[in-house]
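Structures given as structure tokens follow.
Two complexes follow with subunit A in common, the first pairing it with subunit B and the second with subunit C.
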Partner chain A sequence: MESRRNPRAVVDPKVRQVGFFTSSQPDSSSSQLQQPDPISASASSPPVSTISPSGNSLSPVMIPPPRHNSSDAFPLRNAVVASAVSPSSFSYSSRRDFPDGSTTASPGRHSRGSFVKSSVPVASSLPGIGMDSMAAAKSSSVPASGLTTVSVVTMPPGLSEKASGMEVESDHKKNSKPLKEKTTKAERRAIQEAQRAAKAAAKVDGGKGPAVTSASVASTSAKAARPAKPTSQKNDVAVAAGAAEKKGGPSEKDRKKDAPHPRMQYDDESRVVKAKRRAVVKQTEAKNRVELFRHLPQYEHGTQLPDLETKFFQLDPMHPAVYKVGLQYLSGDISGGNARCIAMLHAFQEVVKDYSTPPEKNLNRDMTAKISSYVSFLIECRPLSISMGNAIRFVKNRIAKLPITLSESEAKAALQSDIERFINDKIIGADTVIVKHAVSKIRDGDVLLTYGSPTAVEMVLLHAHELRKKFRVLVVDSRPKLEGQLLLRRLIKRGINCTYTHINAISYIMHEVTKVFLGASSVLSNGTVYSRVGTACVAMVASAFRVPVLVCCEAYKFHERVQLDSICSNELGDPNAISKVHGREDINYLDGLTNNANLQFLNLMYDATPSDYISMIITDYGMVPPTSVPVIVREYQKEHLLV
Partner chain B sequence: QNQNQNPRKLETSPCFLFTVNSVAKMDFQVVILAGGFSSTLFPLVSKEVPKALLPVANRPVLSYVLDLLESNNLKDLIVVVEGEDAALKVGGWISSACVDRLHVEVAAVAENVGTAGALRAIAHHLTAKDILIVSGDIVSDIPPGAVAATHRRHDAAVTAMLCAQPVSGPSESGGSGGKDKTKKPACEDIIGLDSWKQFLLYIAKGTEIKKDTRVKKSILCAAGKMELRSDLVDSHIYAFKRSVLQKVLDQKPAFRSLKQDVLPYLVRTQLRSDVFSDQSNVEENGNGNGKNNMQNNEVVLSQILSNASSPSFHQVYESGLDSRKTHKCCVYIADESKYFVRLNSIQAFMDVNRDVIGDANHLSGYSFSAHHNIVHPSAELGSKTTVGPHCMLGEGSQVGDKCSVKRSVIGRHCRIGSNVKIVNSVVMDHATIGDGCSIQGSVICSNAQLQERVTLRDCQVEAGYIVCVGGEHKGETFARK
Partner chain C sequence: MPDVQSTVVEFVNKLRKRKIEGSQATAKCTVELLRSVISYQRVPHANQAAALIDAVKAVGQQLVAANPVELAVGNVVRRVLHIIREEDLSLTTAAMAGLDLLDASDDDDVDNCKGIGYPAMSAAVVAAAARSTLRPPSLQTLLEGTPESATVPYTSSSGADSESKTADKSSLTRKLKHDVIEGVNQLIHEIAGCHEQIAEQAIEHIHQNEVILTLGSSRTVLEFLCAAKEKKRSFRVFVAEGAPRYQGHLLAKELVARGLQTTVITDSAVFAMISRVNMVIIGAHAVMANGGVIGPVGVNMAALAAKKHAVPFVVLAGSHKLCPLYPHNPEVLLNELRSPSELLDFGEFSDCLDSGAGSGSLQVVNPTFDYVPPNLVSLFITDTGGHNPSYMYRLIADYYSADDLVM
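After this line comes the complex of A and B, so read on.
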């Protein structure tokens, strides 16, 4: 991983540079980094403005300033190194330590280099959307800079400057409870707590600092804040928060819905314990985990399935269809983004069909709650894919938007047909469009390479074959899933000329390839393709050989998130899958070493392919360069809400 | 066949009424086949005591099944009993024992119709998508949810639960003789599994196989590899897809037994299934009202779904030969640490009684004393009488002086004289045992009477039978002809 990342910084400076540079920037200046406003420009320091991303970046996606990242990293970083933070050097030291903090623990969604695109409009200085993003900042710990923008607009410049330091405070106080996403109450409470802690800290005079701070994040932040301006702090925060609320009031709700939930960080022990208590599926944490991937859930795979199976009749509110899908996820009977999504949606259709509103409850709310509980069950079985997240958002949105005047049966019918339409339009319909587009790129005599078993690509190949195009297919595969073999079987059955090889041979086989067709689990808004592990390798080799890489991906899998590496958000598979070969007892050299403390298995499921290896993304909205993904995301999202 | 069937709804308390209307849990209906007056257990069962009510540690064996199901949150049950009289008895017991805990319906079917016949008789009561069929004579702690979950996961036609062969005969630590005599045939079931131990490829009773047996070539080819196991037994807990089960029962009126006829039939025909043939028609009709486009979508959809999962050999086979339909026969193999015994022989009866107050005492539901035994407070013990570990002494029983009880279950209100030795035995309620008797490895049914100085070894005494003074018997069965 490390070796890949270093060259990446060179290959793709526009993205990388921003992330790395700004991470070392002082807090107050970076907060106004992306401010196009003259008011704030006066406040920012000159050297910073030269490397402002809006200044030199050509990327279609404005990379939000590092503030966001830091705000994510702050509280927990403090928790981790709580005792080490000296109150006076608060902003400085935390800045410096930032990369560590973000890797080891962060309560936010994406610790490393992954941002939410919602802050892009801010950078483009659209005032109306600026409000929105500010609201988003409030609700979901999106960059504090968003907050700054607004406060500059609403408040006298002098005050805003003063507030900029404080806003970090208010922001990371919010972040201290990122899971709840509460606004006013939580904030007030945080302030209260902060003051209390400050008092306590004043009493012990820093000597017992660690003891006080180690416990709660809020108190840490308070303590850090104390020497700065204990008296004015409350006012500033209140003003900033108040202003933010007033302005962001109406749009806040929508934003909140859009903002992805903060992802659980599995190296945060207290949270893991808490989550475990809630969990339906018994999750035994795997012992030897790779350090870099500690924040991802990894469980002992052997025990989960039997345990869940024995509880079959004991999960009272579970719908059988959902349960079945969960079991199939857990056992790996269903895999692949489209199939998982369709299976889930079908289960939800069943749920809707069998649903009846309990007395004295509202259909919209009760069903949303129900779906949420099912979703959390499914997440326990296997982390959601991004496509599923989008589909869930769609379903919930439809439920919420159901007119209250509809009778229950009408509402149910409407929902069912909505879900049906989603499947037909967004998945199957999209695939047919993709096939149409992609086939036009296949010429006679082509040698096409594909990796794994992407559904869309398979359809493309089959359709091209039906059109009697003369081409040859190279199926590249990898252990442990060997999905390519299934694809191979189906292609051969249709009479397509195929070659099968493993990914080890990729550099050799690439000579003869004319086009690479890949599937994707998701395409992120900086053009990064998030896909089955190994895809990045194939794409990289292809681009090194100047072979065009075409990614077939339905637009419902697009996501506004930005991700620069495959570390912060990924999935860990069963370590046994790579340590053992089924049916080959003779080559199980690792027998008995599974629990050795010196051995850690890493079975990554996905990787992120940087956009510069990708020539074209074929989606249901046409063939676009990876740089156009944010446009589709934006348009699509709009449509998404209106559907 | 005219089954005089008489499903009786039992009284349910008001607080439980709502579950009556509720849909079957997870779309599973539970049927308990409680049997009737089994002939294999002959002197133990009688007109008064049907098989389901045989006491295991002074509780009817059926109560173990009900407890198991209840602990798994299955509270709507159908109990099928062979014979009107037996049904009355079983129904009476259930209504007294679990009146406000469970919702149980008892159905009586004609005697000797077999398990398949019994299901045929109650077929019209089955409405859920899947049926969980549990034999009424098992004592186990294997959660039935597991088999149901496996069934659902694979969308199987039938799923059978297999477990490790129970240890038979008195345990080694028992220290008494008579081990080898009671040994059962070495293997009960021959079971063929695929290499992932998920699918059932072959099943036969060990006793049926003389020298050679036939295995379907097509199945063997499709699965590639078959593992024949004789260390597993069929636990008689099955999950059936209702449509399949009803179809088989309809199509094959000759089938009498689930285990010997229906299950092997389904296993045999898994690659050329008849049971699904018209189901797909129904499906197509259901979707047919849409446009052509819709149907096309359905095809694509099912393709995506089937391509996504790694196919079982069924699907591979199906795709190889277009028109063939297949169904899946799955297995769930219970963990070896779980306890499982089927009460289907006298030896098994002894084993179960021994285990429930011994090794598997978590099943009994009693709390054991410090001496690992249960002596009811109202039981009276004479002077110098010892009750060893792994013993149970029921309510109101009297034991005279200088007696010794080891590894035995003694029922309620028994009267046992002085100088009696009881080892590895079961004495049921209201039995009377005279002075100086010695009982080893025997079953004394209720109301039986042993006069003075009787020595029994590996004997069974029928209910109400009187064994005369001073007899010395070995391996006999006492019953009125």
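After this line comes the complex of A and C, so read on.
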């Protein structure tokens, strides 16, 4: 190892030493830093936004928050300019634990100047922190740093705010570029390590020696801030945001905030009780449940609908449009991923239209809270699909990103048009693109198999028929929903020759099939297709018979989650739908047994199709193999955030 | 005789109209019918076995033609033929033994060298006959050039005939028929008792807390699971309902009545659930000689899913389900399409069914059976024990005579 790594070893050990020898806890502390950071920041963010920075001078944890999130940034705007600016100058420290950043900042500019000055000797006298090599370099740069801090302060307040917090990392990154000529890679790394170490130290000795460590950080941060000076323009901010995203810290939190909450696990009794107290829909839990699926909600169906309908006019906090959609979910009037999503978005549009900001409240925050409460109501009615989760994330993101300068009516209009655009682009527009792609795969003489009633596939088939392609469709269906019958009826009405069968007969008819077209509720980033239960069976048999399987799915349904089986997250339907066979009165073996403790009915709604059964996924971004899903998820989400 | 004929016709009609369901019930009826055919069959003095065989074959052909998909009929007919041949052979060998004793007193060395002379020659023929009836033609018989299939019954019976000309002719005649009926009775008993035989092995295959998936309804599976339950094993059964006949509901009802933890799932959830299942147990409709299985529709899907998740796929089959034929395209040729009304309500779709006015045509496919290729089967459990799919051809050879494979 030594012989091989010799050239690096010359440079490296010094750097490593820095990290290890400074704090009592070695590397782990630096890696942990990422973790506690967002938490402490989020804990402190509300007070900071309202209270002036001087209020939290005592606690080392109460630091100026990372203002990467605009919702945090806007309130700050209302604060005193000086106080708002001051943390920004400590752009680096503000993100990390820099206890007296706020303390020193609160008095005003000159105090900061003094602080920087004071930091000089301390920083240079810090061999104990293992900065022997660094300290010299830093002390030399200190005068400059003093200058830069000031220069940053002179930045226009709005800009500096946006730039603050977020650009910490970016600053650092950016400064590494201009510094390239001066510092070697090792040196830059050393800087980074030193900063980390300093932070760790600050954590360790809490309020005791913050001056020392923070000083060292200040000096480095000051250094870091320098290159930001000339390019403190708007695009810089954007770049900074982008860069910050790439790094773990703030973007992690960002994502956490955006992402729908982790699914509630219904086997956790205390949480279930808590959730019930909040619930609008009083669902009665089904008694006779399958042990394997305790973690999923299962309610007795059809009992609470009349009760809820009577509540329609009394319900104060709920918007009638949302309420209506919720009841439609509950009764099953709206089903299918796209239909549910569009209905929800239209309801949200209504909400936005009728919204007025309550006095002394902020539009962005209040509306986000409102939407969240509506969403939890919708979840009570029926668990969200992944596509809906994505749409909600989009809406919340748009709300959060609304510029504060807009008036209420402008903001509402912008939001409504955003939602409209999402529906048109991501759902309806995506479908037309998918149809265009998929039709190119249908040839004369094909025998196409589809399962259930996927809307995208139906459009593909109808369009192919309009193009006068000659093909036959096999509609495979399964109990208990028998959605295929609806599709069958529609296809026959349009003059397409169809064959209908049930899923058990799939291996009988697979011989004649040339292509399988399937729909999906969601495509997960490991390529798993999460779809109507039975899709996995169809795909499996098709791949056993060497028939290509094409999945049509809009890209807004993609999700970064991964799933290996159909058990961990799923949705349970009405168990009584299984014991009774619709239209077959002769099948009544299980009548009167539904309450038997030994007998359970399991009505799964979805299953996960492993990616090895899928030949191709047709999305609005083109036709891709399942392995490319994570790429699309990444790209799509970036677009999602920045648009 | 006329009433036998009428029962045959009646049974053929039943088969044709698919009034009898389930391979066990069919097998039982068939074998009982054949027993009466044999007992009413007038046997000539010469060549009795051939006469019996002809009579059974004639009836068997009618039965098989009535429902070619119900392989149990053909199996049972072949079993009965095999019994006749075996009984005949054992009688012949007994007669030969008596003759040999006589010969031995006459001439010792001739008998020893077995080279020349009529009795020794006859013994060789008997040996060849014994081989040929018990198993498919061996290389040795082929080399000896004995045209066994046609001549063996003839020579042996004629030999017996010629030997026992004097006293015991009539008694021998009655003895053959009696023995055959005895053998057929044994077969009936065997078919009736195959469940118990298979169920006895349950305890060796099911462990505590096992999760078992089954599909459709099979009495064998029911008995198998209940036998394990009686032995105080506690386990859980997932039953796929088996649309469109929903026999799974029937099975679930029976299982619940016997106190087993049962969960009914839809057929589409088979793949979703298979990852949590320890074993798939299926009752076969028929087992082919290559080890392939014909079972209720949907079985192939379950077998593929089980293969994907490396879950053992176990097939229970009584010996009357073992079919000596090798399948060709069994999904289509050994299948049967049932009424579309089980899938679609005609009333609801009647407007779609007339393919005029620009609407498309509608076909509804409702097969009854599914074929599972041998590579998807982990184990067969028959009344003689557990076997690999690759061993089935050999097991089957024990039950049938090679001459009867083509009836």
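We take it that the second predicted complex is superposed on the first by the 382 of 643 C-alpha atoms of A that agree within 3 Å, B and C clash if a C-alpha of one lies under 4 Å from a C-alpha of the other, contacts with A are read in each partner's own complex, and residues count from 1 in each chain.
One rule holds in what follows: a contact is a pair of C-beta atoms (placed from the backbone, for glycine too) under 8 Å apart; a residue touches a chain by one contact, two chains touch by 3 or more.
Here the structure is a predicted model, which means the values were calculated and not measured.
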Counting touched residues of subunit A, say whether subunit B or subunit C comes out ahead. C
Of the partners subunit B and subunit C, which touch A:Arg479 in the superposed model: first, second, both, neither? second
Partner chain(s) touched by A:Tyr508 [first = subunit B, second = subunit C, both, neither]: second
Which partner chains sit in contact with A:Leu327 here, subunit B, subunit C, both or neither? Use first/second/both/neither. first
Shared subunit A contacts, counted only where both subunit B and subunit C touch the same residue: 493, 583
Subunit B partner, complex, touching residues on subunit A are 306, 308-314, 316, 318, 320, 323-324, 327-328, 331-336, 338-340, 342-343, 354, 423-424, 427-428, 431, 453, 455, 458, 483, 486, 490, 493, 583
Can you list the subunit B residues touching subunit A in their complex? 23, 25-28, 72-74, 129, 143-146, 148-150, 152-155, 195, 294, 297, 300-301, 304-305, 307-311, 319, 332, 335
Subunit C-facing residues of subunit A, complex: 290, 292, 477-480, 485, 488-489, 491-509, 511, 533-534, 536-537, 540-541, 544, 565-567, 570, 578-579, 581, 583-584, 587, 589-590, 593, 596, 598-604, 607-608
In the complex, go through subunit C and note every residue touching subunit A. 238, 241-244, 246, 249-250, 252-253, 255-256, 259-273, 275-276, 297-298, 300-301, 304-305, 308, 331-332, 335, 342-345, 348-349, 352, 358-367, 370-371
